[in-house]
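Please find one structure pasted underneath; my questions will follow.
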C-alpha cells in the first residue's frame, strides 16, 4: 500500500519521542488489585521502549474484562466481539505490514468461544503479539466456569464445583502445526511479564503469551497463595529463552534450563503440575508467515490493475 | 430415564440376530472408488460383530461427502450442520447412556469450521466413536483447500497451491487435556480400518480415529502412490495397541512398537513425515467422562421432582 | 391510581400517618453497603403484609466502582402499593442515601423529581477530609435548588451505638427506619432478618435485630414522616422473585431436564438459578463452549429425548440463527429463551430493549416459521416456559420466549403456583414405532406429525437439514420442497386455531388504542387507567403471541381512531431531519402490525435502555388526545 | 415475443430454413461427455453473430453419478433469440440427448412439452446389453406418447469415422450438427474451438474441427431441420459470463483488494474466479476457517484500509449475523454478497431461492440499518459490486448484495465494460487526522461521518460494538444510545435522497402491477410484454434497492387495481387448508411492501427451487386478469 516495502513499513516513521503518557488513555476501569492493571503498565512500558508510533499500533480484543484493554491505550483499538479477536486482528494485519498488531484476550474469549480462531491463528502465524489474560474465570459476566478453571472450581454455573479438567492453553497451542512462539508468565512478577512481552513483540511471527492473571474479586484465593509462595513459579530459562536481569532470576527458587527449540521437552514441561512453569516453551523464527503472503502485492498502480482486469475481460469477450 | 440404570442401558435389549443387511440403507451415493465406501462397510461389519440394535444406535454427522454417512446406515441418524456434529452428538449422548453414538465428520467439517467443538469434545470425553474421514480436501463443494491439505496443494481456492502447512489432526488432538483415545488408519487397508474402529468402539470414552481417505475425483494422485507402496504406511503396534491378525501385521514393511500409554512418544510419532503412521497413538481408559455426569440423575420420579420444585418455591415464599 | 403525589417531607412539617395508595422508595449507596439486602427485606415484608410490590436493583456499570462515585450508584428501588404493582413507576417519592454523590448517578437517570424526599447520611458533613465536606455542602445546596426535600440523618452515629463498624449493619438500621416510616410490621421484619441470616450465627442475627429496632425507634422519635399504605385484601400464598428466577423455576415445572447455555448478560442469572436447583429436580445444566454449541447440544438432546432449553440474549441469538433454522426444518422441539438487552451488537449489555422481535422472526435464511411468545409479567415468565414446552412438542417446532432485562431484574410477588404433574414432561416414548408411519407423516390439514425418538424400534430415520420428503429422504423432485414447506408453515395456522382474540384493557372502541408486548404491560396499563380516569378515550391491548400473530386484530383496530404501539426499541421520529412518513423506520411490532393489518399503526419507542415508565406513556397519550386535537 | 412455436421436426417433414424469433436448445448427457463445452461454444458463436443468448448448465445432484441414470442428467440449455435474451425461458424446443435415460431427469423438471424435438443418440438400440435395448425401446415409445418429436441419430457411428473413442469428441460433432440446424457461422465455431483448446495440441484442435464439420455435413445431408434466428443489429463489443464471474470481475473493478470467504454452494464459484485473478489485480483472497472468521477478517481489513468483501450463501449469512451487527454499530464499510440458495437450513444447496431478504434486513438483534441491493441481470452483478463499495464508503456502512443461484449460473452476453479508474478505490488516506474532529462526528442532518484509518496521526480511537458516543467512548448516559441510533438510521434516509422512483415497464396505470426483485426481472418482463401484446392491462416494476426501499411506490401503486409480487420464496396459498387472508404468510417482498405502503399487496411465489419462467408468470397474469373477471 502507498508504495512502502513491507520491511520498511515496520520501522516507526517518526522522529519524536513518546513518553508513557502518550500511550495512556483514561483510567483503567478494572477492579482494584486486578492483575490486568500491571499487565497494562508493562505493555505501555514496552511501547515506550520500542517507541511505537501510537497511530501505527493497533490493539484488538474480544469481550471481557481483559478485552477492555484497548480502551486504555492511546493507540488505535478494536474492541470487537466475544471470541473473535483473532480474525479481526488477522484482517487488520493482512494488508498493513506497517502496523504493529497486539491481541488481548481472556480465557473464555480465547479458549472457549474463540477456540477455532485461536487454533487457526496459531497456524496462520501472522506477526502479532498475543496476550491471553487468563484468570481462570469469566470475570465480566460475574463468575462462571472457564475452560481453564481448575477442576472443582465453584462458580455460578457450577456451584457444586466444575466437572472437567481444565484446558492447558500452552499444551493446546504447542499441538498446532506452524506454532512459532509460546510463553507463559504471571502478573505478579512484573519484571518477568515485561521481558516476556518484549520477547514476544520481537518474535517474527505469531507470539502467544499466556499471562496467569489474578481476579481478586472472583478468584481471590487461587493465586493469593501463589503470590506469597516463591516456589509457586518455576522459571524456564535458557540463553535462547527470555532474558531476565540476574537479580530477578535469582529471586526464583525453582529454575529449569529449557532450550525453546526443543518442542518435545516443551510439551513435557507444559504438563508440569504443582508449580506454574513460566518462560519460553518453544520458539521457531523460521515458520512460514501468512502475513508475508498477504503483503506480497500491495500498492499495485491503478494502471496495472486496469490492464489486469481488461485481460480478464478478454477471456470472456465474444 | 424410563427407570433403567445407565450401566444396564448399554446392554442391547434384544435377542434377535442382526445381519449386515440390517444396517444398510439404500446405495451409497459417493463417487466410484471413493474411500468412504470401504469405511462404511467396516462400520457395518462392526455393528454386526457387536450386534448393535439399530434403534439404539445413532450416527451424527455435519455436512460434506463424508457426512452423508448416516443416510446409508439403517439406524437413527442426524445429518446436521457443517461443523456442528460434536455438540449435537454430545446432546444426544448426555441423557441417553443406552444409545451408541458415532460421529462421522470430514477434514473441513472437523478441523476448519468445527474446530472449537472438536477441541472441546475431546475434553468432554463423552463415550462416542469419532471417525474423521480425512481426504485433505473439500469434496462436496468441489475442491477447495482444507486445513489438512498438504502445503502447495492446487485447489479451486488456491490455484497456485495452498500457502500454509497442514493441521495435524493427531497432534492437535493429543494437545487437548483429557484426551483419551487417538488412532489413525487408512481406508485402503480395510483390515486395519476395521480393527481400529473396533478398538475405538470398545474404548470407554471419546475415541478419535482419523481415517486417511482417498478422494479419487479431486485428489487422484495423493494416495495412488501410497496405495501401491507398502512403505507408505508405518504400523504402530503394541500389546496394549490395536490387535491385527498376524498375516495383516506381516504385510507391513515398517513396524514400530509404541506403548499407547506414553503420550510424549505418541506426540513424537505424530510428527512422523514421509510415511503415514497408523495405529494407536494414545489411550487412557480412566479419563473422567462428562457423559457419566450427564447420566447421574436420570429417571427421577415425578413426585421427587415436584417436591424439589416446591422446596425451591419455599425459598421465595413471602 | 395516580402515580406521584407530594407529601409532608421534612422534620419541620408536622403530620400523622397519612394514607397513600403507593410510594416509590429507593436506597442508594456505594456497592457493598447492603442496600439491596435491606430493600429486598422491605419489599418482602410489604408483600407479606398484603401490599403490591415491585423492586428492581440499581447496579453500577463496573464490577467494583470507587467509593462516593456517581457512576458507582448501587442500590434498589422498592415500589409499594395498595393494589398490585406491575412496574417500577416514575420518580421516587422517598430516597435513603448513604452518601450524596451516588444520588447524582440516579439524577442522571431522571429518577427523582421536585418533592422527592431524601434521607441523607450526614456523617460527610463532619468528614475530616475537606474536599468531602465541600462536596457534601455543594450537593446539599444543589438538592434543595432542585426542590428535593432533604433530611440529614446521623446514621453512622446512631449505628455506632450498636456496632463498631457501621458499614456492616447500617443497612439494617435503614430498614428499621423505613419500617417505622411506612408502619411495617416489625415482627415480620425480624422473621425476614432471620431468614436472610439463617446461615449466620445467632449473635449476628441479634445485632442486626438491634440495628433494626434502633433505626425504627430513632425514626419514631425524630421523624414526622409516617405513611400508611393499606394492603389489598388477602392475596393468598405468594412467592416473590425476579423474571429470570421465574424462568428457571418454570423450566423445572415444565419437566425440562437439559438446559444448554453459554453465559451472557442479562440472561445468565436464569442459568445461575438453574445451576443451583436443576440437579435436585432430575435435570442437568450444560455450559457449552459457545452459543452455537449450546443450541446444538440442546437440539441433540431434544432429538434423542425430552425437549431441552437454551437461554441467551441478543448476540447469542445471532449465533444460534443457523441452528434455529435447522430445528425448524427438521421439526425438532426446542425452547429458546432470549432475555433481550440493548442492541445492536454488544450495545447496552445490562440495559433493557425489545429489539429482537424481528430477528427472532426472520433471523434465519429461507422460510423458517416458528412460535414466538412474550411474557408480560414475572408470573408469565414462569408459566410461559411450561406453555412453550407443550407447544414445542405438540407442534414439533422450536418456540422462542422473548423476555427482557426489565423482567429479568424486576422482583414482584405472585400467587404461589401449585405444581401440576401434567406440567412435567412425561418420560419419552420408547414403544415400538408403528411400521407404516413415516417420520414426517404430515397431516395434510395441520402439517402436524409425530416424531420417532431413538430407541424406538422401527422408527429409524436420518434427520437432515436438507430439503426432505416425509421419509426424511433428501428431496430431488421440486414438488417435495414446496409440499414440505407448506406443511411447516401450516403448523402456525394450526396454532392460530387455538388462540382467542386478545382482551382489551378499557373500552372496545375509542380515540386511541395503545398496543404493547412483553415487559411494558404494567406501565402501559397503569398509564391508560390514569388517562381513562381523567376522561380520555384510550384503551390498550397486549400481545403474548407474536408468531403466529394473535387473531382478530383488524376488527379490534377498526374500532379506534388511532393505533399506536409502545415499545422499547428503535424508531425514527417524523419531523427529525430527512424523516418523513415515507422514509420513517418503525418500531418492530408496529412494522409487523402494519403488514399484518394494513392499518396505519404508529409507534412510540426509544432506546434509552430504560423500562418505559407510566409517566412517559401517559404523556404520549395526552400528546395524542389533547395537544393534537 | 411468443415463447414457443411448433416447427417441422422429423426427416419426413420437408421445409427450408424457417425464420424464428428464438429457440431453446438443450444438450443432455451423462456427466463427463462435454455437453457443457459444446453448449457454451454454441452460445458464444450465437452471441458473436449478434443474437441474444442465455445459457444455463444442468448439473446433477451427485459429483459422479452413474451412467444412464435419471438423477445423473448433466448438460446445458442454450436459449438463442433475435432480441436480448434475459432468462432461460420455458419448455425446450430442441434437445440433443446422448442417452434416453437422462431425458427423464429433465422431464421431471418439466423442461419439455408436446412438440419438443429430441435428437437422440441411437446406439443404445443396438446395445449388446439387453436391458439397455429394452429401456431404450420403452423410452422411445413413451416419448412419442408424450408428443415429443424424436429423431434417432447415429452419433456414435458417425463420430467413429473421425475418432476411436467418441466419448471424447462427440460433443464437437453435436456442436457441428447444431451449427447446421441453426445456420451458425462455421468459421466462428472454429475460432471458438481454437480458443477452447488453446492449451491443447494442434492435432487435438484439428480432430475436433473435423468432428465439427462432420456433424455439420451429416445434418446438412440427413436432417431437414433448419432454422434462421435473425441477429439484432450490431450489439457492439460484448463479454459473456455468468453472474458469479461478473461478481468476481466487479470486485476487481471496484478496486477491492481483500476477499475473505469460506466455501459454500452456490457462492463459491465467484471466489474460485477471484482466486484465479485477484492477485494479478493487486488483491488477495483469504479462505478463512469459517464464515464468522471470514467476515471478521474482512471487517478488520476494512477497518485498517480499503473496503473488503465477503461472499457467501444462506447458512453462511446466518453465521455472519453477529458481525454484520457490529459492522452496522461501529460503521465499518463492508461489501457482503449473498448468493441465495434454497432454504431454510441446508435446504436445496444448488437450487435458486430469494429467501434471504428478510434475514438480511432483520437478522441481527436490535436495530441494525444497512443498505441492501439486488442485481437483476448478470451485467448488474458486475456493476453492483462497484456501486456497493462506493455506498459502503460514502455511508460508512455494510452493504449487502443479494443475488441468487439463477444469476450465479446463468450465462449471457453484455456490453464489455470500459474499466474506469474512478471505479477503483483510491489508496487509503494516511494524512494527519484533523485534531478537533471525533471518529464519529455525525452530521446532524444525514448521520454521516468520516472515519479515521490506522496510520493516521491523531486519529486514534478504539472501535467498539458497545453503545458509544461520537468519540467512540462507551455510553453510560441513556441519551447517547438514542442519539447514536438516530444517526445510524438517518443514513438510510440520506441514501433515499439519492434515489429516483423506479421505472415502470408498461403503462403507468392499469389492472395489474407485477413487482419483482433480483433475478426474476427477465422472466417477469417477458411475460408482461407478451400479456400486453395480447391486450392485457398489466405493467411491471423491478426493485434494485430493498433497503432503503425505493421512493414513490405508494403513488405508483395507487394507479393500479391490483399489486402482486412475483418471488422465488415461500408464501401460503389462500384456500389451502387453514389458510385465510388473515392467517396467510406472505412472500418476503410482498410483506415488506404491505408494511411500507399499507397497500394490499398480493404475491405469487413458490419454492420449487427453479427459476420462475415467463410461462408461469404469464399464466398468473391471465389468472388475475381473465379468469378472475
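Lettered A, B, C and D in written order, each chain numbered from 1.
Just so it is clear, contacts are C-beta pairs under 8 Å (C-beta built on N, C-alpha and C of every residue); 3 or more make two chains touch, one makes a residue touch a chain.
Only a predicted model underlies this, so the values are computations on that prediction, with no experimental measurement involved.
Participant: Farthest from chain B by Cα centre, which chain is it? Let me know.
Facilitator: If we average the C-alpha coordinates per chain, C ends up farthest from chain B.
Participant: With respect to inter-chain C-beta contacts, which pair, B-D or A-D, contains the greater number?
Facilitator: Of the two interfaces, B-D and A-D, more C-beta pairs touch across A-D.
Participant: Report the inter-centroid distance (CA atoms only) between chain B and chain D in whole Å.
Facilitator: Chain centres of chain B and chain D, defined by C-alpha means, are spaced 39 Å apart.
Participant: Roughly how many whole angstrom separate the Cα centroids of chain A and chain B?
Facilitator: Distance between chain centres, rounded to whole Å: 33 Å.
Participant: Using mean C-alpha positions as chain centres, tell me how far chain C is from chain D in Å, no decimals.
Facilitator: About 46 Å, centre to centre.
Participant: Starting from the mean Cα coordinates of chain A and chain D, work out the distance between those two points in Å.
Facilitator: Each chain reduced to its C-alpha mean, chain A and chain D end up 44 Å apart.
Participant: So which stretches of chain C touch two or more other chains?
Facilitator: In chain C, residues 279, 289-290, 315, 322, 326, 345-346, 464-466 touch at least two other chains, as defined above.
Participant: Would you pick out the residues of chain A that each touch at least 2 other chains?
Facilitator: 63, 81, 112-113, 115-116, 119-120, 147, 293 - these are the residues of chain A that touch more than one other chain.
Participant: What residues of chain D sit close enough to touch chain B in their complex?
Facilitator: 62-64, 262-265, 268, 271-272, 275-276, 279, 285, 287, 289-291, 315, 345-346
Participant: In their complex, what parts of chain B are in touch with chain D?
Facilitator: Answer in residue numbers: 29, 31-32, 63, 65, 81-83, 108, 112-113, 115, 138-142, 144-145, 147, 156-160, 217.
Participant: Across the complex, what residues on chain C touch chain D?
Facilitator: Its residues touching chain D are 61, 71, 108-109, 314-315, 317-319, 321-322, 325-326, 328-330, 340, 342-349, 353, 355-356, 358-359, 361-369, 444-446, 464-467, 475-479, 481-482, 485-486, 489-490, 492-494, 496-497, 548, 551, 554, 569-570, 572-573, 576-579, 582-583, 585-586, 591-592, 594-595, 598-600, 606-610.
Participant: List the residues on chain A that touch chain B in their complex, please.
Facilitator: 112-116, 119-120, 123-124, 147, 163-168, 171-178, 264, 267-268, 288, 290, 293
Participant: Which of the residues in chain A end up touching chain D in this complex?
Facilitator: 1-2, 25, 53-56, 58-60, 63, 70-71, 73-81, 84, 86-96, 98-99, 116-117, 119-120, 293-294, 297-300, 302, 304-306, 308-313, 316-318
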